[in-house]
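Listed after this line are the structures, all set down as structure tokens.
In the two complexes below, subunit A is the common chain; its partner is subunit B in one and subunit C in the other.
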Partner chain A sequence: MTFVNALVQGILLGGLFALFACGLSLMFGVMEVINLAHGDVAVAAVYLAVVLIPATHVPAIWIFVLVVPVFMVGGYLLQRLLFQQALGSGPITTLLVSFGLSVVLENVLLEVFTANSQSLNIGSLVSGSVQVSNQVYLPYLSLIILGTAVVALVVVQVFLARTRTGRMVRAVADDREAAQLVGASYRHLFGVAAALAFGTVALAGLALGMYTSVAPSAGPSYLLYGFAAVVIGGLGSLWGTLLGGMILGVASTVGALVDPDFGAMLPYLVFLAVLAVRPHGLFPKKVLL
Partner chain B sequence: MTASLLPVEAGAGRAPSSLIVTRSRRPTTWAGAVGAVGLVALAVLPFLASQGFVNDLINLFILVCMASMWNALAGYVGLVSVGQQLYIGVGAYVVLVAAQHGVETFAAVPVALVAAAVLALPASWLVFRLSGAYFAIATWVLAQVAMLFVERFGSLGGGTGAPVPGLDGFGPTALLRDTYWLALGITALAVISVYLLLRSRLGLVLTAVRDNEIGARSVGSRVMAAKRVVYVLAAAGCAGAGAIIAISQLDVEPGNVFNVQWTAYMIFAVLIGGLGSIEGPVIGSVVFFVLQQTLANYDVWYLIILGSVAMAMAIWARRGLWGLFTAKVPVHLFPVGYYVHMDDGLAERRGLSRLVMGPARVRPPSTTTDKREEP
Partner chain C sequence: MSALLEVRDLTVCHGQLEAVRALSLTVNAGEVVGIIGANGAGKSTLLRTIAGLHKPAAGSVLLDGQDITRLPPDRRVAAGLVLVPEGRRLFASLNVEENLLAGCYRARPGPWDMARVLRLFPWMEERKRQPASQLSGGEQQAVAIARALLANPRVLMLDEPSLGLSPLALRRIYSVLPELVGSGLGVLLVEQDVRQALRVTNWLKCLLEGRQTLEGPPAELDVDQIEAAYFGIGNVAQRKGA
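And now, the complex of A and B:
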């Protein structure tokens, strides 16, 4: 019965991984940038919330209303001012620049906030749960995070499919020259995609901060989990990403039944196994969306 | 470095056989002699310098060794690995395990190099299925898995690590000197290996891939084989660095040796010094090291500054400090390119040794290899 519980917890945890993966998938799908600072951006969101909560007296569960817009603007600016410059000098450069950004961000957080880990206090919500049976229970927080992930994925999908700007983002992703011919400003649209990516990853960071405590050095491991979810789910498929996140979540909780360290290791092993057998993921998709 | 094949004008009125191909514009024997003297000077340095300085130099050599290896990967064959800490850790742990089983600690270092090279072969099979960012992240995941795997062994100290046994017999001065010579030897070996590799037939492929990978493939170069050779070499080199780290720090801790920070050091040093040249990583390491020492009292600010400079260099000055310098002063300390001269009868007098005569033998290796490219 503990196995069934681990399975359920893993599926719920998948929502968190999918939130991390969503932004990565979006940035790679639109401008072929893998932002190696993705995990550190999420950690930075936690630290911004840690500063903002006492300053504004906004309850932790609602702090995303302030943090997410800040990160969306930050993402837009970072894309226009930094990644766009790097894109001009080849694909290796964006990778190196985002890696540099990751190290710089992590060390700035370390300087300002020390190496101590922080978490977001959401009061009694953290321990409440719905009891399904004797052994299986659904924590409110996990349900909220999974719900947030689903809503975020739906919003991104609807934005890309239904709005004028979203359709232009897809057009630029498909064929930049052709989109430019009909008047699309690809620099601006890349910025929009980055804003969306940073918004979702800020959400992911806040969810993480409520779920567990986060240290400045935590970024890379969540980048890797997010990336693993993208690869397992298949690039460019947002719902595949959710499934990929759930597979990783289950690997993590089931592995933790053996021992906690194995819980950290098993998702990576699943990722490597998928790479070895199907490098294009389990549910590959040719175009974005 | 530059493979400058100067265009030969057809109307020059000479038969093609009157061409001379040399490795450099001017004789470079003096550069080799200066290099050898420098190496000897570095070798006797522990008898003259203070222990603190010798210790600093060990750390500098570790950096030069790692940076040269990372440069061989990213600068020539376009493999951006973010997981070279895998081989740092493997090198350190092979030394630890061998020492725990009674092998003399310094004798375990060659074992570490070979073990890393052997491990790199199956690892390359896995990560070479991917390219670009996928490759980068897969190497990182491999390093993470290796760390979590090693932590499961209680005999290796689990998550907290273990001291390297067998180093108590040395006096502190003797140990420092031996470590220094080990570091100097491995680093010199790493730099010279890259140099010899680039001068070999494979080196031509590597330079071609650096300049244009699709072009290199299209003329039939065995790009995949070249990449694998470089990946294995870089694994061995980083394992060497890891072995020095284990011996100089006297203990091995998984969170330290498998830390992505090592790769950050390599990347920053290479980007600052210059990607795609032998001199670049060496110069970048020195700059990195000097800044690190200067800002030692300001926690991790040196990393923040170096990271920002490295990002700027990657965007605006791709060939780094060395590239900016050679753009003004055309010197190449390591002659790995080719120059084609008209045989005006003066070449011999200028002291240029003839490398290849006649155009028939000046051709890329591709024309002789017709084996199918690996997928």
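And now, the complex of A and C:
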């Protein structure tokens, strides 16, 4: 594995991290909710797929069509029924509630599915790759995942930038009271942001489930990566999160060139370095787009 | 004929402090009612409570005869009551056009659409894509008013539009008032600049420490009366006019 190849692989991976982290960024940027259950939601998506695939005979590669909408609705309801109540009591309460949610999710999954890890079998796609040059090869799966991540992020971007509701989500992130004064129900818009967050993280979870296997307790470690991406990019900025994801992806693959353990550690070293030099992240302005 | 906006014995508390005490007012269609008073008199609190951002401790707000006291602020916009808040409060990360479009979010049917608003403020057409945060104070105020108009309100409330504006910008803002009232709106205006308030309103109220100390048509109020009511000198709570 050469450096260039690792770089390319890192970018592919980075797209996945970015998709994973964008929901975190959204929820914090719009309603200042730090969702500690974010990683567990991704894991739950894999388990839902594991249940639905044999039940509906939908091939694994298309299961997101069922799973993502379910999670979007779930996210909307969870925001309006659970997080909204907590928001009134202050930021610590919201953090605690999301932590509780994380614990509940993990244990429900453990209870129902045992501690065995699961992955989504997509057959021959797992192993094939495209040889771009002598030293660079691009696995089909990574390309598909990157493509999916990019499409999803573009869809979110277009939704926020061009649609009526998306515009109001940005408005409510800017100034909640002013949004009320133009007739917006901020609770509904918070729900929309949560729906987007849960939908994207479910998609990221499914991608992860195709890439590797996930276990019920894996949520918090994914959350950590998500946080790192968001903090590197700048809290509340979606483009920043994309860049943060890329940086982390490249750090993990390039680090692995040295040694697998170093590959696991380098992203966090980069994270610490960014925090030391630019504590507010690369795009510190709290602007969603 | 019932008033467009009626406020009855409104009392608003900030914790222990009574910011507004048993205040009543009416605004009719085609009328500009002005509220003046020193800082802390309760003017902004009054407007924000009418808009639904604060819960009153007592009293009621009626729009076109309907009691809207329990209605959340976003539903009041749909009912036709729109506030242009103090400090403009444009959406900073949105551009001019997007801010205006935000005003259309819960728009009622009515005469104010994008075309008419752009006729009122022609300069906005070419600055459509500019981020709202880059506009001058006067321009931001214009966008804030345009954003409010696009919802087609029955009653428009303006909270200190003159704050931070140059005299020229101020004159431009107030020059559009006749057209607004001409289209049947009722306007409730809180103004820091007393002279400006005397010039543009049909009925003026003065507030001091949450209570009304003077009211009447501007033509019948003299400077000494206003001064006394504004600062609470001598006998407070004079009433003049009908």
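Here is the rule we use: the second predicted complex is superposed on the first by the 287 of 289 C-alpha atoms of A that agree within 3 Å, B and C clash if a C-alpha of one lies under 4 Å from a C-alpha of the other, contacts with A are read in each partner's own complex, and residues count from 1 in each chain.
Keep in mind that, in the parts below, contacts are C-beta pairs under 8 Å (C-beta built on N, C-alpha and C of every residue); 3 or more make two chains touch, one makes a residue touch a chain.
Source: prediction; values computed, not measured.
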{"item": "Touched partner set for A:Leu95, first subunit B, second subunit C, both or neither", "value": "first"}
{"item": "First, second, both or neither for A:Pro279, with subunit B first and subunit C second", "value": "first"}
{"item": "Contacts of A:His38 with subunit B and subunit C, given as first, second, both or neither", "value": "neither"}
{"item": "Which partner, subunit B or subunit C, touches more subunit A residues", "value": "B"}
{"item": "Partner chain in contact with A:Met168 - subunit B first, subunit C second, else both or neither", "value": "second"}
{"item": "In the complex, subunit A residues that touch subunit C", "value": "164, 167-168, 170-171, 173-175, 177-186, 287-289"}
{"item": "For the subunit C and subunit A complex, residues of the former touching the latter", "value": "51-53, 72-75, 77-78, 82-83, 85, 89-94, 98, 101-103, 105-106, 147-148, 151"}
{"item": "Subunit A-touching residues of subunit B, taken from the complex the two chains share", "value": "74, 78, 80, 82, 126, 129-130, 132-134, 136-138, 140-142, 144-145, 148-149, 151-152, 159, 260-261, 264, 267-268, 271, 299-301, 303-304, 307-308, 310-311, 314-316, 318"}
{"item": "Subunit B-touching residues of subunit A, taken from the complex the two chains share", "value": "28, 34, 36, 82, 85-86, 88-89, 91-93, 95-97, 99-101, 103-104, 107-108, 110-111, 220-221, 223-224, 227-228, 231, 261-262, 264-265, 268-269, 271-272, 275-276, 279"}
